[in-house]
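Next come two complexes built around chain A: one with chain B, the other with chain C.
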Partner chain A sequence: MRIINLLRQRWPYLLVVAAAIAFPLVVSSRYYIQVMIVAGIWAMATLSLNLILGYTGQASLAHAGFFGIGAYAVGLTTKAGLSFWLALILAGAVAAFVGLLIGLLTLRSRGHYFAISTLCFGVIVFIVAGTWDGLTGGNVGLLGIPAPASIPFPIIGEISFAGQIGQYYLVLSFLMLFLFIMYRLVHSLLGLSFMAVRNNEVLAETVGINAFANKLLSSVIADFLVGVTGGIYAVLMGSISPTTASFNLTFFWLAYLIIGGVATLAGPIVGAVLVTFLVEYMYSIGEYRLVAFGLALIVAIIFFPRGLVGVSVTLRQRFQELREKYRERGGGAGKNAIDGRETDQAF
Partner chain B sequence: MELFFQQVLNGAMLGSTYAMVALGLTLVFGILHVPNFAHGHIYMLGAYVTFFLITLYGFGFWPAVIVSMLMLGLAGMVIERLVFRPLKNQPPINMFIAAIGLLLLLENGVIVIWGPGAKRIPNPYPDTVSFLGLTTSQQRLIVIVVAVVMILLLQLFIKKTLHGTSIEALAQDREGAQLVGINVNRVSSMTFAISAALAAAAASLMAPIFMVSSTMGSLLVMKAFVIIILGGLGSMQGAILGGYMLGLIEALGGGFISAAYKDVFAFGALVLILALKPTGLFGKEPE
Partner chain C sequence: MLLTAEKLTKRFDGLVANDCITINLARGEILSIIGPNGAGKSTLFNLVGGMFPPTSGKVYLEGEDVTGLKPHSMAERGIARTFQTTALFDELRVIDNLAIGHRVRTKTGLWDALLHTPCWRREKEETEVKAMETLDFVGLRDEVFYPVSTLCQEAQKRLAVGVAMMSDPKIILLDEPTAGIIHEETAGITQLIRRLKNKGITILLIEHKMRMVMDLADRIVVLNYGEKIAEGPPEMISKNPAVIDAYLGGEYIA
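== the complex of A and B ==
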């Protein structure tokens, strides 16, 4: 009974998941599968950015730095012979540990100051990655990072990650896992505390929420997740360079997040996949696409600060209210159409 | 010892640029509370405009600098009106995001229109000057002298003219300024124009010495943020002093310690200072 209910309520989501699973089986173009793999990785990074920026309200712009730390951690250790799965956990742990130290320093400041401070740290990671030749390979970076070893699987025999299809499902599985983690987090007391800190730090403190500890925890979780994402990126691309930690990546993720819908679960995925595909589709117009990208970000933040998902939620609610009004023939006059909105305000 | 003085001279030149760029940024960030992260890209645009005025339209160096300042001043007003004013009453981080959009727009717009290659403005004053055993090019001395003149002119404008004092009034007390009838929108517009024109001047002066490229402003804007946060938000003296200090630290640190890591020192200093004083060295608690 519960399952039928779930199916009835959640069928659009299940449809999307089914489509994502079927994608590489239906689409034979290697090019589109590769675009989807990259979009999936960006979606994971944007999901974790959403935790600290969207739900906790702290614009951490060092995100690509932690992505880079995770990528270099996996690159260096798997090249030294460590198993990918261990290296991946290590990547998350290293990113989280550095994130803890940096969070202790930067989270004391707020608003613009926090954004600038974290951005400076992101640039430091970028510069160090390009300069510390002995460890990072300097501007050339790390080449020839081995693909993950195959893992045994009951029916198919084993899953290999050397091919594109295996890599696609690796990314999809992690994306689903990240989404699940975010879902549980947002609907937990912890997630509510994060949002309380975002909405009003002083008020949150007065009801007994330790704002600093919550911000720190949120950023450490986000850094762990993006570190893992960086690790996956490293093995799937096979090579990394300082641009893997470039602050431009943070800016792109920020754009995906704003365009998709900040502080929504679906927003980061919608934004990352849609924009990545649009940008690839517009490849023919060359560099104009990045100009369009900047323009879209400005237009989105001025006119649709809640992003595509926010707009669609509002539209759906308006539609439902209209339908209810139609049914009741004006019976529910006491209700104000706007006040019924339940979604939380983005910032 | 000769190397030391040579580096001091280089530091003074770098510091002149930093001071002008930081001065413009402290006007828009410290006074208008607009975190204009695209300020470095306005600087970059100023250098490009000067470059094309000289190479395509045959302008002399000084007319090109002045026209570039005027054009960028206008661009600054347009940017304020179209990008930042609509976000005035929204959460502060939205402006930061809009500025990042603007930065992507400008950087890639320049690449689209003028190509990705770096450009060089023919040096109008290539001769070298020798003084007390130090050698430097005339252009470098001109950067230092013109920067000082510009900074003094700006100070005169702000202290001695009615328009200028309205900026200072806004800096001191926003509500008070509005109460005595100062039009905040007009002051914002003017401040953006001044800020962009200063950046254009700094970029045009430096363009014959360094290359003109689409990314020349990306690290510069971060350094400018470092300077104004260290020097105190909205404090013009702080921006000027901080600019020259950072220039000297970089030139000496780059010359004597490590050239590759010189930027790490500046950005690391910012992270540490904000950790100890979360609102900047001379910052007030936000209300």
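== the complex of A and C ==
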């Protein structure tokens, strides 16, 4: 019964997941699969940015810095012979630890000042990656990062990550894991504390929420996740350079988040996948695509503050209102004041 | 004494907002603080609530020195408050606001949230039950899933009291609970405050509506220019010449 209910309520989501699983089997173009892999990685980075920026309200612009830290951590340690899976956990831990130190400093500032101080840290990571030749390989970066070793898997025997399809499923699995983590966080008392801090920090403090501790925890989780994302990026691309830690990336993710929908679960994925594909599609118009990108961003910020996901929610509500009106006119059953899907979204 | 504020002084760049004010709050009473605008009532609230530390003086809660603690620590120790301009989490729903109010009594952390541990489940259920009780108490049960922004001013005031109640406070500081709502609606708020008292919650009340203060308060403290000029039961305060002169005005009849 639960499964039937689940199917009935969540079928659009399940459909999307099914499509994502079928994608590399149906689409034979190596090009599109590659774009999808990259889009998936950006989606993971944007999901984690959404935790600190969207749900906790702290505009951290150091995100690509932590992505770079994770990427270099995995690149350096796997080249030294460490297993990818251990390296990945290490990457997250290093990013989280650095994030803790930086957070202890920067989270004492608020609003624009916080954004600027984190941006500065992002730029510092970029510069360090380009100049610390002994460790990072300077501007050349790290080349020849080994692909993850194959892992045993029932039925198929083993999954190899040397090929594109294995890599696609690696990214998809982690993307689903990140989404799951975000879902559980957002629908918990902890996530609610983050949102309380975002909405009204003074009031949050007054009702007993330690705003600083919550902001710190949120940013450390976000840094851990984006560190892991950077690690996955490093092994899938096989080489990394200072541009992997470039603050430009942060602004791209920010744009995906705004277009997809800030403080929504689906927004980061919708934004990252859609915009990545559009930008690829518009390659023929060269640099003008960035103009189109900028325009889309301005329109989103002014007219759709909660992005595409916000638009779709509004449309769905309008549709339901219309349907209820129609039913009432027909003398149908009493109206349900609260959408069932909304009610189970309590903390 | 449940709460003692001893010789509290607060200076802002030479301006003395509170000058050596001492108040004692007994368990279960309603103590009202009155005085003209700028008399230092809100400053006194902010000192007791931990919004900023006093320049000198001490605050004791149940004998424990809590001077200069942050607001979240004050809340943890049992001091809740509401604001003059209603403060709520206006991007969230009624139920979320109440859950946040109870957060200080819960421990759900990262792993509880991710793994849905027994702690997560217990606290989630406990929070829901408590939220529904509180909604019954403040009369907002039908609005449980409404976004806060759709509530009227008066309902928002009641919700703010509900949010403060969710932390099981020993004391609630109410800063002008009827500010910004029409006269006809103050009766409901008055009744709510009386029911809070019946529940055993001690109340420190700032209010300008004198009829309401005289009606509710067990004792009244009068401030003027940052100093305490009078203290006593309502009937005594209403006859005090210094109070009439400073605040009530010559024509006030109790």
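In the analysis below, the second predicted complex is superposed on the first by the 328 of 347 C-alpha atoms of A that agree within 3 Å, B and C clash if a C-alpha of one lies under 4 Å from a C-alpha of the other, contacts with A are read in each partner's own complex, and residues count from 1 in each chain.
As a working rule, a residue touches a chain if its C-beta (ideal position, glycine included) is under 8 Å from a C-beta of that chain, and two chains touch if they have at least 3 such contacts.
It should be emphasised that the depicted structure is a prediction, and the values quoted were computed from it without experimental measurement.
Chemist: Once chain A of both complexes is superposed, is A:173 in touch with chain B (first), chain C (second), both, or neither?
Modeler: neither
Chemist: Kindly classify A:83 by the partners it touches after superposition: chain B alone (first), chain C alone (second), both, or neither?
Modeler: neither
Chemist: Name the chain, either chain B or chain C, that contacts more residues of chain A.
Modeler: B
Chemist: Kindly classify A:290 by the partners it touches after superposition: chain B alone (first), chain C alone (second), both, or neither?
Modeler: first
Chemist: Between chain B and chain C, whom does A:195 touch in the aligned arrangement: first, second, both, or neither?
Modeler: Only chain C; A:195 stays clear of chain B.
Chemist: Which holds for A:139: it touches chain B only (first), chain C only (second), both, or neither?
Modeler: It touches nothing on chain B or chain C.
Chemist: Quick check on the superposed pair: does A:150 touch chain B, chain C, both, or neither? Answer first, second, both or neither.
Modeler: Touch status of A:150: no partner.
Chemist: Return first, second, both or neither, reflecting whether A:221 touches chain B, chain C, both chains, or no partner chain.
Modeler: second
Chemist: Just which bits of chain A does chain B share with chain C as contact spots?
Modeler: Comparing the two interfaces on chain A, one with chain B and one with chain C, the shared residues are 347.
Chemist: Using the touch definition from the top, list the residues of chain A that touch chain B in their complex.
Modeler: Chain A reaches chain B through residues 57, 59, 102, 104-106, 108-113, 115-117, 119-121, 123-124, 127-128, 131, 251, 254-255, 258, 286-288, 290-291, 293-298, 301-302, 305, 347.
Chemist: Mind pulling up the chain A residues that touch chain C in the complex?
Modeler: Interface residues on the chain A side: 181, 184-185, 188-193, 195-196, 198-200, 202-211, 217, 221, 338, 342-343, 346-347.
Chemist: Touching chain A in the complex: which residues of chain B?
Modeler: Residue list for chain B touching chain A: 29, 35, 83, 86-87, 90-94, 96-98, 100-109, 111-112, 219, 222, 225-226, 229, 260-261, 263-264, 267-268, 270-272, 274-275, 278-280, 286.
Chemist: Along chain C, where are the residues that touch chain A in the complex?
Modeler: 49, 70-72, 75-76, 80-81, 83, 87-92, 95-96, 99-101, 103-104, 106, 108-110, 112-114, 116, 120, 123-124, 127-128, 145, 163-164, 166-167
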